[in-house]
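Chains: A, B, C, D, E and F, in written order; residue numbering restarts at 1 for each.
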């Protein structure tokens, strides 16, 4: 279970586009974690997220939405 | 049931990106609550939101959309 | 059935973020109403919108998309 | 079947927010029509779009996405 | 199968909003084609895209997302 | 399995709109890869992504979202 005061998102700014993409994937995972903080239940669901094609496509879509936010925050690393 | 005049969203401005992400998750919950204000019915549905992989992915996607709005409101905490 | 010339959306401007969120939910309902103006058919479908977890999540997602539009219109109530 | 050279979208500009919302719904229908121009097949599918709760929610979501575009085009009718 | 060096998207700029909408639909088709370049497999799947209500709604939604991009590129044909 | 330090996304800038679209499709694939880095499991799921109509539509939708980001980064290749 996440520590209540743990800082896991200090900033949206990243050095490169690729790091921004990795942060987008992290945000997607945190969205699921926030909706279900109990790690035991999450563990049981993990196969859906990582071994089910539709679950993986959903994860990829959420990452794409988050990447829009992060890319704008970084002025698209231009 | 939510008090009719209760103020639960005074502002979109948050101090940090992480607080903005937490507000995004709160907004997602309020979207469901607004569509079904009866707390007894909501309670029966809760397992879908918190223990069903696809329900959790949907919640995470809604949070990602709300986070776009909140991040823009905060000028991405730059 | 909605009066053909009824004005139900005079403006996207609201006084507060919370009123903007409520307008977003109203827009989501109007989207469904516009696609099916027959109130009798809508009544039969209502349980899906309000008592089915996936229906509620879909409604919440549409509200989140509409809230993006309304928040931008209001310059995020900054 | 739509005339090949018929002009059905001369502009995204509308006088009011409500007319913009109605245009958003029209665009959603045109999206489906463009993917399946055969009117006989469309007629058979119509019950899904207008009497199936999930079909109506999908239509409403597409309208919400189109409304974002139209609202931006109209500078949110500010 | 698409020629490897074929240019099918020279620009996002179109003369009118309607041409922009048609380009949005073309982009949606190209998205599917890019994920499955084998034309024989695509042919077998075609009935889902054009005769299945949910498939048509998905296509319409993708077109709506692409239309956002194209409309912004054209400064909304203002 | 992807090398941990491999640079696969050096920039969002592309010469043409079409190259931007191809990058959008690459990003969609990387989103799935990041959620499931085990190449053996990915191989088993591949038929869903490339031979299932709904899987292809989901892929196309993710590409459309990524294309929004890339098009904005490139100022729409205007």
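In the analysis below, contacts are C-beta pairs under 8 Å (C-beta built on N, C-alpha and C of every residue); 3 or more make two chains touch, one makes a residue touch a chain.
Only a predicted model underlies this, so the values are computations on that prediction, with no experimental measurement involved.
In terms of the stated touch criterion, chain A and chain F have no partners in common.
The chains in contact with chain C as well as with chain D do not exist; no chain meets both.
Comparing the contact residues of chain A and chain B by number shows a mostly separate set, under half of all numbers used being common to the two copies. In this assembly, the C-alpha centroid of chain E lies 16 Å from the C-alpha centroid of chain F.
Per-chain Cα centroids separate chain A from chain D by 32 Å. Here the CA centre of chain D is 28 Å from the CA centre of chain F. Along chain E, residues 49, 52, 54, 58-59, 61, 65, 68, 72 each make contact with two or more other chains. The touch graph of these protein chains is a ring, one cycle where each chain has exactly two neighbours. The cyclic arrangement of chains, taken from chain A and going next to chain B, is A, B, C, D, E, F. Note for the complex: chain C touches chain B at residues 16-18, 21-22, 25, 49-54, 56-57, 59-61, 63-65, 67-68, 71-72, 76-78. On the chain C side of its complex with chain D, the touching residues are 7-13, 27-28, 30-32, 34-36, 41, 45, 48-49, 52, 54-55, 58-59, 61-62, 65-66, 68-69, 72-73.
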